[in-house]
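Below is the structure I would like to discuss, written out as structure tokens.
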Amino acid sequence: MFATRRIPRLIALPVAVALAACGGGDSGATGDTGAAGGDAGAAPMAVANAGTINGTVNFTGMAPANQPIDMGAEPTCAAQHPAGPTTQTVIANNGKLANVFVYLKEGLTGTHPAPSTNVEVDQHGCVYVPHVTGVMAGQGIVFKNSDGLAHNVNAQPQNNRPFNISQPTSMTSAPQRFSTPEVMIPIQCDVHGWMQAYVGVVANPYFATSGEDGNFTIGNVPPGTYTLESWHEHYGVKTAQVTVDPDGTATVTFDYDASVANAVVPLGAPFDPHTDVAAERRVAQPQPATR
Amino acid sequence: MNEFWRLPVNVSSYGGDIDGMFMLIAWVITIVFFAVEILLVWFLFRYRARPGRKAAYMHGNSRMEVLWTGATALIVLFIGVISRGLWLDIKDPLRFPEPGLQLIVSAKQFEWNTTYPGADGQLGTADDFIRRNQMHVPVNVPVRITLVSEDVIHSFYLPELRLKQDAVPGMQIPAWFEATQTGEFTVGCAELCGLQHYRMKGTLTVLSADQFNAWNAQQVAAAGAAPGTTPALAAPVMNNEAAGSPVVAAASHAH
Amino acid sequence: MSTAAAPSMEHGTSSFGVYNLKLGMWVFLLSEVMFFTGLIGSYIILRFANPDQFAVPGAVLNVPLTALNTFILICSSVSMVKAFADVQAGNQAGLKKWLLVTALLGMVFLGIQAIEYTVLASEGFVPMAERYAAHGRAGGHETLGGPLYGTTFYTMTGFHGTHVSIGVACLWWCVFQAYRGRYTANSHGGIEIMGLYWHFVDLVWIILFTIVYLI
Amino acid sequence: MSTAAVPHDTAAHAQAHHEHIPFIRKYIFSTDHKVIGIQFMFMSLFFLLLGGLLAMAMRWQIAFPYNETAGFQGQPLPGGDLLPETMVVQGIMLPEFYNALVTMHGTIMVFFAIMPLLVGVWANYLIPLQIGAPDMAFPRINMMSFWLAFGAGLLMLASFAVTGGAANAGWTGYTPLSINDLYSGVKTGQQLWALSLTILGFSSLMGSVNYITTLINMRAPGMTWFRLPLSTWALLITSILILLAVPVLAGGLIMMFFDQTIGTNFFKPETGGQPLLWQHLFWFFGHPEVYILILPAMGFVSDIIANGARKPIFGYHAMVWAIIAIGFIGWIVWGHHMFMSGMNPMLGGFFMVTTLIIAVPSAIKTFNWLGTVWRGNIRFHTPMLFALSFVALFVIGGLSGVPLAAAPVDIPLHDTYFVVAHIHYVLVGGSLFGIFAAITFWFPKMFGRTMNETLGKVHWALTFVFFNLTFFPMHMLGSGGMMRRLYDPTQYPHIASMQDTNIFITWCALILFAAQLIFMWNFLWSLFKGKLAGENPWEANSLEWTAPSPPPHGNWGDRVPVVHRGPYEYSAPGATADYQLQTEAPTGQPLPATH
């Protein structure tokens, strides 16, 4: 009877829908995780008689004390900071400034394909390690969770697509990619409000971050004259000219002064619950949407 | 029965009333449940189809309709009447008890930030200090909290204190509780608020009055020491604007 | 209507003696009422919660122009009634004439509303919250009202405008059918439900005009 | 009649008379209410399966979360490797995906499975057959209603594939989480969610306009209001609820969509918008929706219980008035979803009372079902088993609503698993069991073959047992303080202590899901191999059983059924059989077909 003839076609419709949907479901980031990145994130390809840039970031004046962090809510993390956790805004030892991001801003020609290796940012003791890191546009950056407790990585760039991924336990995220250069992109964890880091996205592989001793090295630089820019989250941006001779080593220094603070990418100012709580009238009586 | 329903330990001044009400309703519905289900099963057995039997031909019975309609109406109205008073006692700001401590709890993804009045016992002044995901309150003192939210709707949930109240951005919602035991208890979020909703948890530490004053003094000192805020003397902050009554007094007149 | 009602009654007992199309339109209008109730209710709630965001009547919105527009819409209702009377009387010429008039008046209404929107937008009165900067018709520098003003205004008048546009489209279809002589003295359900819809849209506008422009 | 005035009727008649319709018009873009009903059935059964799958993934995560600090060693999600790394990474389900699962399970089950299964399928299929009409009043609008729903379903599925994944702000889509991707991390998904539900709303509107018009205008001669079967009554009230509630939701959804796309600020607090306004709009729709989701099942169950008990329904008029009362009171109870929302506590008190009052009509219905089986002659066929389980489980679902309705008791219970247990007892134990009863009962009429009784009984037994094992313990989890929508409950010490219960529930849920495969197999097998059914396999009374199985286009051929009595004349004294068709003349002899 015609009832039975009708069936197969009618089944076909929803099933087709299902297949279409599930087929499309495989979007988003792709495969290769792990891989070490680190300071000079990208590994540039060999360059004819390339030179090297050695640099130092000097710091004069009295560095302000970093704010202590209240990690009481995460004992496992607090245990990792015997000295007591503090923010990493300014790390300056004997006249050298750490966590300064330096990159080749101008003077470079040619295109620079992003390497397939991923830069890694670790989350250890509820702190991002490293605090400041660089990555090439289009290069993968993976976030590692070594704490075994939940973190989320919330990146809100200006010129790139924002992402907000979470990591419930020890694991390594799928590589995230920033398509356009942007210095700097603040990264933060919403579970642990104090967890903040910066990622500099650069169009070329020539960038580095100053270490505890204030030194940095950018290797494998093609000969030429360049504009270097340095960035610090509290003391802002400086530039310097540098000429790299064939097979030579150029040195450059950046000088920061404790008295001049102009942050370039300030993180959002903390929310002040007092602002209108003072309006006791509204405190006394909640205002329902219907009145 | 409590372990059947697995109610969390109750350390709230009004939690007992809520639990009592819950148990009352639980018993009522349990009785109705067994009455109906047993009747149903017995009918099914008693009147199963057998050869030769014929069902009774009837279209209903008005008296029975009236009976069970009335009975149900009475039960639910009874429940409604006894519930309403308790509801207003807990939620109506006009019926809140005189608070011994006023706090601002500000929710954000995914933290509970508690603002303490600081040295001067006044909220909204420079010496206030904020604790993340950790609340400390004195025992046997009515604590009045003002719930605000920075981003999305959260729900401030204290299982052991039988308190739940949404925090809605753009509103300040008052709530109160009074802990009857010292110890550490759970602060949770009961409203889906984003990726890490399940991690939006904190601890409520209920201290004795002395311990609390000590803790508060230490916090005030720390806040004072921290750059940016004016140093403040350690002093008990049990005062609320209205009646500057020290904690002990507050505790006593609460009982 | 009995003749028109007959077909659907032939296999059924109708409770109201109303033929399907008409009944269906009434039922549909009920849900439309709920739709606009929801919108207007939201408007009232938002306005009571933020009185400061709503500028004084006439400061931002061009009331005289809209009053003219309201008058035009009311006239279109009258012409719709005339069209219906004529088709009942079997006056085909009158039907065509009044249908055309109604459709044209509807389009005039939409045109004026389009102009109104463009002018308002040029004065910084936009639905986007962050771009809202209404300086009002008098010019001046301070922003009048707040974002909710633009948001609610465009949503409510916009939804009414959408309904009018749909109505105009249907009216043109009716005109087309009328010229094909599809409506007769004893069968003109199409015209009748068209009228119902059109009068409803008119009524909604009068309410919107009152609460959005005048109050 | 005139084509211009009432074109749809002519279309219907054209189909009724000559059968030469091209395949595509006959089975795909068909205007026949029966084909449309069956199309709805296949679509919504697919969504039911999908929603169940999502629930299984959720249960797995709840039972086996990774929580090293609390010492819970998680289990990788089976088949998780097949999913992209935006959902599952190294076998670990991401919280964002879990939230999407929660949201889509709720949305799909409520809007694309249960609602169409109750209304889209049975209102389309049953109303004309039970009132003796050849088709719907507006067959083409009816067809559009299905294809709109289908499109909405495609959109909802597509949202899994877009960047950021599917909507993850909960099926209630509370603002501002649902309108700001800074907070939820989902932009396109939330927009598709709002869009899809708006389109589905239009589809439901078209449907209900059709159902109401048909019911008022196209009843067969002699089919007075109080000779309508209760299914039809329930479907009428349901259609009215849809007609009046859905536009409000549509309005809210459109405002939400504007907030998400063009940057209006209806619900954005930072610029004066009101997040609670959304909740009021949503629940003003949402509570009638709850009754939309249960009333039709109540109707089917009434018909089936009377048939199985071979006894007139007890208190037919009381049943009708109870349905109508629920339809009215349902409009003033929505606030009980918002007791904790910061709404004025005085309003809370008001909503508490109205909510408790609405328990009364539900109780009336329950007692009348008991009265129906009392002194009956009960046949336990599969539909009857499901119908009786409906009564048993609806009682639990109704009673567990009382503590939630009592506002002070709701303080600890609100947004906990107690609510989850309650809604599933009503929506699964209630609606879904009613749907299984209806499918097994009317399957012979739809396809001319009966479903396999043995498989049916096995399916019923497994479903009944494991449904209760799955959902009853959730009551205790809730009163124990376990919040809803927790990706990892073990994070909270007071919940971690109940983890064994969660694991038990998960295993039962998996078995419950597996048991549904029996139903699928039985359904598909019976389509082709089932025992041929006559016109009236269940010896029932209502009109549909006088039409051939399956009924042809136009249902009645050239004759028009004439109704002489109510639909529940079972075991009437002096009757030849223990049932009397509604068309049976008072003399006891079937009338010759009138023309």
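Labels for the chains are A, B, C and D, by order of writing; each one numbers its residues from 1.
In the analysis below, contacts are C-beta pairs under 8 Å (C-beta built on N, C-alpha and C of every residue); 3 or more make two chains touch, one makes a residue touch a chain.
Owing to the predicted nature of the structure, the values given are computational and were not obtained by experimental measurement.
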Fewest hops from chain B to chain C - one hop per pair of touching chains: 2
Most distant chain from chain D by Cα centroid: A
Most central chain, Cα average position: D
Chain pair with the greatest number of C-beta contact pairs: B-D
Chain centre separation in whole Å, for chain B relative to chain A (CA means): 40
Geometric centre distance via CA averages, chain D-chain B, whole Å: 34
Approximate Å spacing (C-alpha centroids) for the pair chain A, chain C: 54
Inter-chain centre distance, chain A versus chain D - centres from mean C-alpha coordinates, in Å: 48
Contacts with 2+ other chains: residues of chain C: 45, 49
Per-residue multi-chain contacts in chain B, two or more chains: 109, 171, 173, 194-196, 198-199
For chain A, residues that touch 2 or more chains besides their own: 150, 152, 164, 166, 286-287, 289-291
Footprint of chain D on chain B - complex, ascending: 4-8, 17-18, 21-22, 25-26, 28-29, 32-33, 36-37, 39-40, 43-44, 47-50, 53-61, 64-65, 68-69, 72-73, 76-77, 79-80, 83-84, 86-88, 90-92, 109, 147, 151-153, 155, 157, 159-160, 162-166, 168-171, 173, 186, 188-199, 201
Residue ranges of chain C in contact with chain D within the complex: 4, 6-9, 11-16, 18-21, 23-24, 27-28, 30-32, 34-35, 37-39, 42, 45-46, 49-50, 53, 127-131, 146-148, 150-152, 154-155, 177, 182-184, 186-190
Chain C-touching residues of chain D, taken from the complex the two chains share: 1-6, 8-9, 131-134, 137-138, 205, 208-210, 212-213, 216-225, 243-248, 250-252, 254-255, 258, 262-266, 268, 271-274, 277, 280-281, 284, 560
Chain B partner contacts - residues on chain A that touch it in the complex: 64-65, 67-68, 70, 72-73, 150, 152, 164, 166, 190-191, 193, 271, 273-274, 276-279, 282-287
Contact footprint of chain D on chain A as seen in their complex: 1-4, 6-7, 9-11, 13-15, 17-18, 20-21, 24-31, 76, 148-150, 152, 156, 161-174, 286, 288-291
